[in-house]
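Quick notes on the structure that follows.
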């Protein structure tokens, strides 16, 4: 078994129109920028995939990563807890124009719903959001005299995540706070693709230090020097970058 | 802040009669033998704690560890998935004599109920045990056309666990498959005491490799060369060991 | 009664259906034997409920590390690319549908896929372990078993009489006489020992065996 | 209106109530300031929802590592004894009742402990983050806020009019004029600026301030 995928284009091939896609990252930390941009390349070349539902804590920042996906018109709906950022223009304009849907989920509920999807738990109860607008329409039950809201699992067709080390079996480690949602999304998607900063042979990760066991990972693709979304935005980057001839025209 | 406790007697002090105690370990791997035996010492000296409810995957093996607690009469009820072992005599005899209660829980449900206790989830749904005797009396609900059983969280007054490294803040690592239930129990108990094979200063564990963050741990006590329950049983050990004068008498 | 397969031979037959790279959980006891018979060129990744993925065979006697055991509490070894994790993550793998196949023993299997393999009744100390989790998690749940009980009674039945482990969960049964699929609430005979007649096989089976095309010969090596 | 505390002074006052070794989550923005004012000899352990326990102050400009940020997406540093974990474990800390205190900002607080701090109404893009989780998890949920809105309207009310973040969750409010506990569905005044009279304080408060023993002087250093 060898889960290595030779390049980004192959890694994101086969994600169909209308797919639900979980994308790792909290703000810029852990955002799999290269996988996202490869998906945009495919969309620009083929018109597919479109009508995507994207699950991420945020709704993009600036004009790279998820924001660029939204800007290109690939995204039908965002599921997130905090669709704001330093430069949330792309999402905000489409949202206010009614061109993109939003399911707003409290952050911890979002994390737990994704874990539930990965762990085979169709529903669970939480006090979070009880009595608020975000609990509207959800079943409520009392346990030991306290009211709780019933939340459903979240699953996805594909998860795109960023990891640090990845071995041929798909075992993963992460880098600092870039871990965030990725181990959960890896569990909850039918197919999980991880871009890894370094691919190593089996045995290259101490079994004690594996954060995501390979059973949750379908493929890894090495991206040796990954871009940091925050750094890109501080440099006013956009994707795809404006081409010289377009600038002139 | 320094969560180190100087000795075992102090570590297990204050566990009251009637307490619910989670004890880490799966069979002999991860069993906190020294903490358990310190608890037995206290019971033999003071008659307390007694009437304990013990949560562990198993119900003890041979005449050490949990089996010795049961043998001494400290345990009112076991919550476990597999109350059998190479030598389950102690539990079996008391159970068949009606002297100890048993709540039998499927292993994955046991793990998830403990995690739920630690994560603030009062109830969740699982397909496990649906349609079986172990689901009797539990609410059932259908999600997406499939039936599920509602399970409740499990919490404890105290968790006694065995870890490998522990720093002064209570951050823990484990050794191989000795990890098993311990990270979950640490979350689900009001007070968690870990015996650690090596206590290290803050910074002595890489933040990437912490398995149980210190927020879940109340105290650590160093036991430099911990006994292995399996090895004790293969040597026909018993606790407390028979004293020479008793053997003569 | 006719000659039948040994446990090793049943395990061998089950092992032939495991794909390269499959994630597999083998029940405690007899099913553990399946790991020995992976076809050349195929390598499954074995999962054990107590928190190890990618383990290998038992260490030589005297070299056991009792912190490194499987769900049957037997000492194991690690293969390169192994991982440790806690019990909730381990059962997320099981219950979240991430295992490709679980191979379990059985007291009884019913034609609707019900399985009884954890309790022989109300006497004694009950113990369930991870069996009820495994039957509702793995993508494919197969059973390996002698075709009949020690006293010759059928184990493949119209309905289980012993306490259930899971409802409608088994899809294939490898027995000492046959390979039987469970489809649409019926036993469908796929393979049988060449030496046993259909009538004789039906006679030791507690529910109707249906045919769906040709019945293959159940041929296994001497083991 | 009388002289009032600066944000830094409100944060300082809130910091005095945090015990040594407490596990603390500070809301995004103004509450983050509380970390600066821990009394000498006390060291809290700070938690951030995105998966870090035991972080320290911001790194010098130019030395940021954008994989090491807090929930406000600001660069942070680590202290010895820090730990990383994923979002579900992070919110298990929050929702499982493991944090000793969460200190949050507020648009409005009601006398029954209801908090509104995530939405100013239906226009614009809604965003909630971890606020709804924090209010139902921490053992103690405190609010720091100006006593009144920018246009002088009370923020401490009989009932919130803005969309709620949580029901009955706040137990103490540190304002620019006073320290107010919420007990039994009532505001109980604990401390007030010496320069403001009870009547004047009541006049800028949207619900009855109850007394329970002496009212202390809210005295803070120049900051």
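Should a chain be cited, it is by its letter among A, B, C and D, assigned in written order, with residues numbered from 1 in that chain.
We take it that a contact is a pair of C-beta atoms (placed from the backbone, for glycine too) under 8 Å apart; a residue touches a chain by one contact, two chains touch by 3 or more.
Not measured: the values here are computed from a predicted model.
Within the contact network of the assembly, the step distance from chain A to chain B comes to 1.
Among the pairs A-D and B-D, the greater number of C-beta contacts is found at A-D. Chain B and chain C, compared by their mean Cα positions, are separated by 30 Å. In terms of their C-alpha centroids, the spacing between chain A and chain C amounts to 37 Å. Within chain D, the positions touching two or more other chains are listed as 52, 84-85, 88, 91, 94-95, 136-137. Taken residue by residue, chain B touches two or more other chains at 112, 115, 119-121, 126-127, 174, 176, 207-208, whereas all remaining positions touch fewer.
Interfaces, counted as pairs of touching chains, are A-B, A-C, A-D, B-C, B-D. Every residue of chain D that touches chain A in the complex is listed here, in rising order: 48-52, 65-69, 73, 84-88, 90-91, 94-95, 114, 119, 124-133, 136-137, 163-167. Across the complex, chain B is touched by residues 20-21, 23, 43, 45, 47, 52-54, 78-85, 88-89, 91-99, 136-137 of chain D. Remark: chain A residues 1, 115, 117-121, 167-169, 171, 187, 201-203, 205, 207-208, 210, 213-216 touch chain C in the complex. Per the touch definition, chain B reaches chain C in the complex via residues 26-30, 59, 81-86, 88, 91-92, 95-96, 102, 104-112, 114-115, 126-134, 174-184, 211, 228-231. Per the touch definition, chain A reaches chain B in the complex via residues 112, 116, 119-127, 141, 143-144, 146, 148, 152, 173-174, 176, 207-209.
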